[in-house]
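Down below are the structures I want you to see.
Below, chain A partners chain B and then partners chain C, in two separate complexes.
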Partner chain A sequence: MIGQLTIPFRLLVACIYLFLLAPILIVLPLSFSNDSYITFPPESWGLRWYAAMFSHAGFAQALWISFVIAITVTVLGLAAGVPAAFAIRRRKFIGREFLLNLFTAPLLLPSIVLGLAILLVFVQARLLGTYTGLIIAHLIITTPYVIRIMLTAFSTIPPSVEDAATMLGASPFTVVRRITLPLMMPGFIASAALSFLLSFDEVVISLFITGPRLRTLPVEIFDYVESQTDPMTAAVSVVLVVATLLIIFLIERTLGLSKTIGK
Partner chain B sequence: MQTQELRQEPLAAETNPGDQAFLKLKGITKRYGADYMAVDDLDIDVPKGKLLGLLGPSGCGKTTTLRMIAGLLDITKGKITIDGDDISHKPPHKRDIGLVFQNYALFPHMTVAQNVAFGLEMRGVNRVEARDRVEEALEMVRLPGYGERKPKEMSGGQQQRVALARALVIRPRLLLLDEPLSNLDAKLRDDMRIEIREIQQRLQITTVFVTHDQVEALTMCDLVGVMHKGKLAQLGTPEDIYERPADLFVADFVGRTNVLGCEIEALDRVRIGASVYPCDTRGLTSGKAKAAIRPHRISLTPSRDRSLVSMATNAAHGKVTRVTYIGDVVQYDIDIGGNTLTTEVHTASAGHSFQSGEKLLCEWKPQDMQVFAQGSGS
Partner chain C sequence: MAAITSSVPLADAPQTRRKFPFLLIALLLPMAIINFIAFVLPVVRLGMISFIESRSGGVLTNNYTLENYVSFFTDSFSFELVANSLTLGFGVTLITLCCAYPIALFLHRVSPKWRNMLFVITVSPLLVSSVVRTYGWMVILGDQGVVNGILMSSGIIDSPLRLTNNTLGVFIGMVEVLIPYMALSLIAGFGRLENVYEEAAASLGANRWTRFRRVILPLTAPGIALGCLLCFVLSISSFITPKLLGGGRVFLLATEIYDQAVIQLEWPTAAAISVIVLIIFGLALAVYSRVVKRFD
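On to the complex of A and B.
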C-alpha cells in the first residue's frame, strides 16, 4: 500500500491534516474579531485585538522574556550538545552508550513528570521564578534534541572525508573550517531552530516554575485565557504561528527541512 | 602494456635509473595496548616508480601499514623515509602523499572541480594554473568536462576516478591506494585495474596499493608483499609469490592450492597416504609436513597402467567425487586414497571429460609440488 495513493488513503491523510490544522482554522478568523468576548464566528471584524496586544504591557514583557530565554537556551544547548554528540560519535570510550542514553532520556519522559521533578528540585535550590531556573529547565528539554540531530549530522560525515582533506595538505584547523563545519551546518541550523522553537513554545514545565514576576509568553497566554474571555489571545497565537512558520520556511528554503532532520 | 606508446605527461616525474629504494619502511611497528601487534617490525623497500601491492586477509595489518605511511596513524616504532627524507613523525598534511580511499571520500559539498582543486588551493597554486591543472587531471582520468558536477551525481567508478585525479593533481611524491576497487562491480573493477596501472606507469609514480584480492595484486603490481598477522610473510614479484611461495600461508592465500598432509621420507621424496612421491624438500627436517599443489598443475588422463607413466612425473590413481562446471574451467574433486585433490581443466583444451565416479590418473611434475614445514605461516 505504501507508495500507492489509494482514495481511502488520501482521505485518511486529509482527515489527519484537518485534525492538526483545526485549531488554526478557528484561531485565525477569531483573531480578526472586534468583539469584546470570544464568539465564533465573530459578530464584527477588525484589527482591534492586534492593536490591544501590542499595547498590553504583560504580553510585550513576556514576549521579550521568552525571546531572551529561547536565545540563551539555544546557544547553551548547542554549546553543550554539539561537542557531546561529537564525542559520542567520534571518540571511543567506556560508557559511551550509557551517556547517550542518559542524555537523551528526557525525550522519553512526559513533560508533566519532568515539570514536577524540576519543581521539587528547584524549590530547594531557590531557582523558581528565575532566569537561571527557566533556562536550565528548558535546556533539559532542548539538549536531547540537539544531541540527536547532531549525532545524525556527524554520522553522515565519513571520517575518511576529513582524512582526505588532511592528505591534500589541509591543517587540522582548515579541515574543520572547510570540511567538517560546512558538512554539519544543516544539522547545526536545524538544532538551533528546533531549540529556539521548543523553548519559545514550552508551556508545561514553564507553568511549574515561572513566578509572578517572570512569565514566559506561553504562560502569560495561558493565564490570560483563564481570567479573560476576549479574543486577544487569538491575535497573540496567530503572531506566534506566523513567526514559527517563518523560521521553518527559512530553513526549508535555505537547506531543505527533510535533509536537516534526516530520514 | 601499451605504455611505451603513451606520451609523457607533464605530470610525470623523472625516472631514476636503477632500483634504489625510494620508499623505505624500516622496522615499522604498530602496537595497540600492551601486546597486540597490528603491524610487527615491517621492512619494505620500494624502488622509484614501482607499484607495491600489500596483500592479505582482513586484519593482517595492511591498511594499518598504509595509514602509518600516510601519517593518519602514529607508528609505535620504526622509520619511514621517502627519497631519503625521514617522514616518520611528520604530520600527515605535510607529507605530500596522495591517498585514494576505498569509499572515494569526495567532499560532498563541493563540485568535482573544487574537489580536485582542493589540494592545489592548500598549496597556494594560483587560480589560473589551478584551473588548467584540474582540467588536465580530469582528462587524465577520462572525465573531461565533468568539473561542474556534484560527486553524488556520478557513478561509483566515476567518483573513484575523481578521487584519483584529486590525489594525483598535487603531484605527490607517493601515491597510496586503499582497496580502491573493492566498492566497484566486477566488470568495472577490471577496467579500473588496467586504467590505474596505466596511469601509474605513465606518471612513473611510486605507489603502494592495499588489497585483499590476489588477482589485483598479481596483475597490477611490480612487487607484492603478502602480510599475515602483522608480519610480512613474503615480498617479491608476482611470479615469486605465485610460483615460489615462502610458506604455507602464502601458498594457500595466493591462488587456490591443494594442501595435503605428508611425511618427509628423504631429501627428495615425501609419502602421502600410501604412496611416495619425488619432490624437493630441501631445508626441511624429516617428519610430518604439508605438500601443496596448484589445481591447474595437475593433468588428468583416463586410468591406465602406472608403469606406462614416465618416472619423471608424479602420478596418483583416483576417483572423481565431484564435477563442478565454472565456465572457463571444469573443476574435479578427486579422491586419491584418503586425500581429496581439487583439479582444474580448461574447458577449451579438455580432450576428455570425466564423470563423477570415474577412475582416472592424476599427474604432476615434482617441481609443481612444494613441501612446507608443518604449521609454517599459520
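On to the complex of A and C.
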C-alpha cells in the first residue's frame, strides 16, 4: 500500500516529463521543415535549412571559434585546476580553506554580474573580442568545476597505495605515472568533458565580451534567434544536441573502458 | 656518468627540506593568476565603478558619487524592475517546486532499474544550451507555434493566443529551464524518507493527505529549502530566457543590466544594479540559512 505508484500519479509524472523535454524534442521535426518561417506542422519537408546552415558564413565560423576556444579552455583549465586541487587536498598549509573558497567562489556569482565585471576589466586591458579574453573568461567558469571534481578524485585515492608503491622501490615519477594517474583518470575525463561542454555552451559572459569579428556559436545563435524567426536555428540546435550526445557517449565508453583496464 | 652524478642531489632533496615552499606555490600559482584576473579584479572594479559618476558613451570619470544608487532608488522604473524580478523569482520557484516534487518522489519510489534511466532523463536538459531550449519554447508557444496551431485548426480559437513576448511566456520557459536544478536538490534531500515512517503513520490512522503533510513534507523540507534557494537565485539572475521569450517587453533587473551595459554603455548604472542584485542574493542566502537552522 505505502509507497505505491498510483495510476494518476504516474500520469502526472509523465506529463511533467513531457513538459520538461518538449522544447528539445520539438526542434527535431522542425529542423526538417522547408518553410520560410516557423509553422507547425511544417507545410513542406526537406533539408533546406541544414544546407542553409552550412553555407551561412557566420555559423560555420562561429562553430570553429567555439571549438578552438573550448579545446584551449579544457587543456588550460586542467593544467591550472588539477595541480591546485592536488595542493589543496594533499598539502597542509595556512589558508587552504580560504584558497578553496576563493577558487570555487565564481560558481556563486550570477553570470550576468560576472559578465559585466569581466567586461569592465577587459575593456581597459583591450581584451574585448579577443581569443585571450574569451579563454580567460571561460576558464573562470570551468575551473571551479575542475577543482571540485578533482578534489573528490584525489580524496578517493588512498595515500597508502602510493606509500606501498614507494616502499616497493618505485621512484616518485613512477608512483605518479603508474598509481596516481590511472586512479584519477575518471575524474580527469569527467573534468575535461564538463569543461568542454561548459565552455562550448557558455553564452551570457560571452555576450558581454565577444566582438563583431570573434563570436562564439551560442552568441551567434542568440543573435539569430533574437532577429530572425526561421527554422535554421532548429537545424543548428539539432547539430548541437547530437554533438553533445556524442561527447557524452564517447566519455561513457572511455570511462567504462578505463574501469575495465583498472580491473 | 653525468646521469649518475646528477641523480645524487635529486635523491637527497626530500631530506633537505626547503624553508620556502617553491613546489606548493608552483602548483597554486596558475590557478591564482586566473582567479585574480577574471574574478577578484573584476568584482573589485565592478564595486568601484558603481560609485563613479556616469557620462554617456562609456566614458568613465574619476569622480566618485552616490548618484547611481540615488537615481536607482528614486526612479519609479527601478521599483518596477525590482518588483518584476521578485515576482518572477518567487512565482517561478513555487511553480518549479510543484513540477519537480512529483518527479523527485517518483524517482525515490520507482524500482532501481527505472530510476537510473529516469534520473539521466531528468538532468539531461542541463546539457542542452538554454538558448536552444528557449528557442524550442518559441516554436511551441509562438503565434504560429504548436499550441496555437492545434487550437486554431481544431476551431477552439479564431486568433492566436499571446503566449510569447510577455510574462506568461517567460514563466513557462523559466520553469522548464529550472526543473532539473530543483529536482536534483530535492533528490539529494530525499534520503531521509523511508517507507517505515509512512507505514507507522498509516497504522496510527493517518490518511493519505495527513501522511503527506505530517510525514513526507517535513522529512523532505531540507531538500525543498535548498532547491528553492537555488531556483530563486537562478531566476533572479537569468537573462537568456527572459530576453528571448519576453521579446524585449519584460523588464527585469538582469535584462536591465545587459541593456545598460551593452546597448546604452552606461557602465556605472549597470554596475550599481549588479550590486543591488548581489544584495538580493545575500538576503536570500540569509533567509535560507535561518530556515535551515530550524530543521536541525
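The definition used in the following text is that the second predicted complex is superposed on the first by the 236 of 263 C-alpha atoms of A that agree within 3 Å, B and C clash if a C-alpha of one lies under 4 Å from a C-alpha of the other, contacts with A are read in each partner's own complex, and residues count from 1 in each chain.
Simple rule for what comes next: a contact is a pair of C-beta atoms (placed from the backbone, for glycine too) under 8 Å apart; a residue touches a chain by one contact, two chains touch by 3 or more.
Everything numeric in this text was worked out from a predicted model, so none of it was measured.
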{"item": "Combined model on chain A: chain C and chain B, fit or clash", "value": "fit"}
{"item": "Chain B versus chain C as contact partner of A:S160, first or second or both or neither", "value": "first"}
{"item": "Touching partner for A:T180 - first (chain B), second (chain C), both, neither", "value": "neither"}
{"item": "Which superposed partner A:T229 touches (first chain B, second chain C, both, neither)", "value": "second"}
{"item": "Spatial angle chain C-chain A-chain B, Cα centroids [nearest 10 degrees]", "value": "90"}
{"item": "Partner chain in contact with A:G169 - chain B first, chain C second, else both or neither", "value": "first"}
{"item": "First (chain B), second (chain C), both or neither touched by A:L102", "value": "second"}
{"item": "Comparison of chain B and chain C by chain A residues contacted", "value": "C"}
{"item": "Chain B versus chain C as contact partner of A:Q61, first or second or both or neither", "value": "neither"}
{"item": "Overlay on chain A, chain C to chain B nearest C-alpha distance, Å", "value": "6"}
{"item": "Overlap of chain C and chain B interfaces on chain A (superposed complexes)", "value": "none"}
{"item": "Touch list for chain B against partner chain A, complex", "value": "70, 72, 92-99, 101-103, 105-109, 118-119, 122-123, 163, 166-167, 170"}
{"item": "Footprint of chain A on chain C - complex, ascending", "value": "21, 24, 26-28, 30-32, 34-35, 37-43, 45-46, 49, 58, 99-100, 102-103, 106, 109-110, 118, 121-122, 125, 127-140, 142, 144-146, 149, 173, 176, 179-180, 195, 198-199, 202, 233, 236-237, 239-240, 243-244, 254, 257-258, 261-262, 267, 270-271, 274, 277-278, 281"}
{"item": "Contacting residues of chain A [partner chain B, same complex]", "value": "158, 160-161, 163-172, 174, 178-179, 182-183"}
{"item": "Chain A to chain C touching residues, read off their complex", "value": "1-5, 9-10, 12-13, 16-17, 19-27, 30, 37-41, 79-81, 83-84, 86-87, 91, 93, 99, 102-103, 105-106, 109-114, 116-121, 123, 136-137, 139-140, 143, 147, 197, 201, 203-204, 207-208, 218, 221-222, 225-226, 229, 233-234, 237, 240-241, 244, 248"}
